[in-house]
Amino acid sequence: MRSVCEIGLKYRILPEGDPLKGLYLRWAVLLSLFGVIGLLGWGRYNREVRAQEPKALLKISSGSDLRVIGRIEGGSLVRGSEGKPFEFTLSGEGEQVSVNFMGEDQDTLRELKTIVVIGSWDGENRHFKAKEIALIPNYDFITWAYLTSLIPLAFFIFRMERKVALLYIMIKEEKAYQRENLS
Amino acid sequence: MATAIRGIELSKSFQHFQVLQSVSIEIASGECYALFGPNGAGKTTLLRIFATLHRPSAGRFEIMGFDGNRERAKIRAAIFLIGHGSYLYDDLSVKENIQFAIGIRGWNPTDLEIKKALDQVGIGRFSKLRSRYLSAGMKKRLSIAKALLVRPKVLIMDEAYAALDELGVAMVNEFIRNFTKEGGTVLMSSHDRAKTAEVAHRVGVLNRSVLNEMSVEEMSAADAIF
Amino acid sequence: MLSTRFIGWLRRYEKWFGIAAVILMVIGLYTGLVTSSADYYQGEVVRIMYVHVPFAQTAMFAYSTLFFCSIWYLWKRDPIVDNAAHAAAGIALFFTAGGLLTGSIWGKPTWNTWWTWDPRLTSFAILFLTLVGYLMLRTFLDDKEKRATFGAILAIIGFIDLPIVHFSVEWWRSLHQPLSVSTRGVSIAADMALPLSLMSIGFTLLFTYMLMVRTQMLYLEYLLEAKQGRLMSEERL
Amino acid sequence: MQFFSVIRWIAWKDLLSEYRNRENISSMFFFAINVILIFSFSFSLDPETIKEIMPGIIWVAFGFTAIIGLGKSFLVEVNNDCMEYFQMLPIPKGAIYLGKFLGNFLFMLSVEIVLFPLFVLFFNLDILDQFLKLLLISTVATIGLSALGTLFSALTVQIRAREVMFPILLLPLSVPIFIGAVEATRGILSGDAFALYRHWIELLVVFDVIFVVVSFWIFEFILDY
């Protein structure tokens, strides 16, 4: 069994140039790449997930494909059946809008629950026609999950790579690979 | 004469500190080889490699023709180490300690044999004493008594005379003389040139992890060997 | 015996693994966060899956690597395999912690609790503790061979123990907790399967890359110390 | 038959030393008594609650006993470098493990047997008619605990921070033993039919077999690293 050191002498594995410079450059590119994806995700969130409060809804006259978040008022829910829509009052920040929803009964459709309704708004009648009901958008959990896992991961790998680069530099300076020290 | 111990280019480093560097050594059967050297020269390390307690970082060795890396069990059946450790259990008596140490090797000596061995090393009257009350010299004698009973082919003694009184040294030398006469091989380290000269056939000086061999006469004649 | 030739090989090929991992992860994150649809039951929160599942998978993968490297080390006693095992343990600890963390964050909105004594969660917690014990044991041992061997023993014992832990907790849980909170995976729609598999493969490649880098790191640390140690030994000559 | 004689010699040596100094057993025993006392002060003693928490108390006490007793079991081998002597012996090293394991198992079990009457005394438990079943569970659980504990004791005895490392390694990995033992004990104390907790005993037996075999095989590497 030969010592590790001795074998190390035979195969020159030292890098050319300054390994640290390449490292920083590489990480700058990587971070910007993942930053772009973060921005795209943020854009998608604004476009498709973020929901308005009823108060904001009252300011616009009409629109379609709107997302509104609010709580179903107690006692206001009228369950629909065959062809008849569900009717309920959605409240939030002191304002209320009446909503009707054509569709199947869902677990989420219960009194005092916070939901998101997606549909069109008729400003004159203060009436919202929902075609879909979604869950509350808890994007903060997603954000936290990604940030608390990917940022430490990046940091972990970065430190590792930096250490390797530094070690190569130190070994180069120590001249660990030169034959003269081995009898 | 057959080779009992052969070390080829042995190196050993601890924590990146190189203790031995390419040490080669060859000892014939029936020979007593004494290692000298300053403290920290690597004597104990070399002996412990031959006793299969350490693996060499580089190089290989053979004992009684068995390879030091692959046939360790066979080597272990052939060697016995008298080292710094006493290998005793404080709450067992001297006799029980011997019974245990020999019995676990697969041989149960009779009371008479144990008594004979203990008498020979001069601690026969302490055989019922718990070993926690033994002095360092008595523990050394006890180790030699074990060696007497085990009858190994190769005996490795680290600091052969340490902790022994004059009678003890004479007893050890007598033992080594008989042992080598019967064909056993002794590899020992020592600091006492005069007493070693009485039994050693060859001498090696291990200094700064390099081994220099010389004859006993050269050693006795020299002013200082390291 | 693997040798420094192996380190040279790692140095030459590591970048391809890194690049492939980054490409897959970029596409995976894009499809996962931007284009894929939300889950019918869980809503948007299901997107945590694309980071949690790969983390957990990689942790298991890293621990298996540690196990196989440990067996290999006990068999061949090759120091560089020990470096690889040590590297795998560090990476496994990181991914286990990440898996527990993301799992906890995912658990709050879906099961309305940060922690439940689910067999998988429990085995992961045990895995975490075992890895911490492994790394602590290594720091407390001075002798290089002893450190490698004792670490390998612990890794093997822990790996064998893990399925038993999982099994016993499963039995225990079926006794004490109503299984109303189902912790089984969500059914996977096609446009969810794409980002998930991309991220899984990407993380596997990333792990390979990390293992290569970290093995080099540990080996070089050893080499540097050995170099300094030899200078020390030579001063005596 | 050298294999069995090695086991016998090691166990003989451990039992004889223990008989002479009683260090291990007495420290295990008094530590466990302290745990029981503290528990009996900290919980209200109405019979229903006791039945609910008793299995936990019993196995916490036994767990601490294991940490105290097993953790020290290899100390005596290190004191005079006896580990080195074992390393140099031309015998199968697994036999040394089995010998130490046997000694540890007997110490643990004897402490547990002495402790059961104390549980009856302090907590007014009515377990005497179930004693044989409790003994069975203690035996299978203690085999697993001693198997792991003996191995980890050998692993940690030579390192710094031994007292810290031993429980850190032992406790997480012995989770299945504690789950199985507590559940089976609970089954006995609440008077369930044997079939209801039989699977826990089977789990413990499987654990015992796996870990005795694996430790036996792997112990060689601890002595001959």
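Labels for the chains are A, B, C and D, by order of writing; each one numbers its residues from 1.
The working rule: a residue touches a chain if its C-beta (ideal position, glycine included) is under 8 Å from a C-beta of that chain, and two chains touch if they have at least 3 such contacts.
Keep in mind it's a predicted model, so treat the numbers as computed, not measured.
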| item | value |
| --- | --- |
| Chains in simultaneous contact with subunit B and subunit D | C |
| Higher-contact pair (C-beta pairs counted), C-D versus A-C | A-C |
| Intercentroid distance (Cα basis), subunit D paired with subunit C, Å | 32 |
| CA centroid of subunit A to CA centroid of subunit C, Å | 23 |
| Whole-Å gap between the CA centroids of subunit B and subunit C | 48 |
| Inter-chain centre distance, subunit A versus subunit B - centres from mean C-alpha coordinates, in Å | 70 |
| Shared-contact residues (touching 2 or more other chains) in subunit B | 13, 21 |
| Residue numbers of subunit C (touch at least two other chains) | 77, 143, 145, 226-228, 230 |
| Residues on subunit C engaged by subunit D in the complex (per definition of touch) | 74, 122, 126, 129-130, 132-133, 136-137, 140-141, 143, 145-146, 148-150, 152-154, 156-158, 160-161, 164-165, 167-169, 171-172, 175 |
| Subunit A to subunit C touching residues, read off their complex | 1, 3-5, 7-8, 10-11, 13, 15, 30, 33-34, 37, 40-41, 43-44, 49, 134-139, 141-142, 144-146, 148-150, 152-153, 156-157, 160-161, 163-164, 167-168, 170-171, 174, 176, 181 |
| Contact footprint of subunit A on subunit C as seen in their complex | 1, 3-5, 7-8, 11, 22, 26, 29-30, 33-34, 38, 42-45, 47-48, 51-52, 55, 77, 79-80, 94, 98, 101-102, 105-106, 108-109, 210, 213-214, 216-217, 219-224, 226-228, 230-231, 234 |
| Residue ranges of subunit B touching subunit D (in the complex, touch as defined) | 51-53, 72-74, 76-77, 79, 81, 83-92, 96, 100-101, 103-106, 130 |
| Residues on subunit B engaged by subunit C in the complex (per definition of touch) | 13-19, 21, 55, 208-209 |
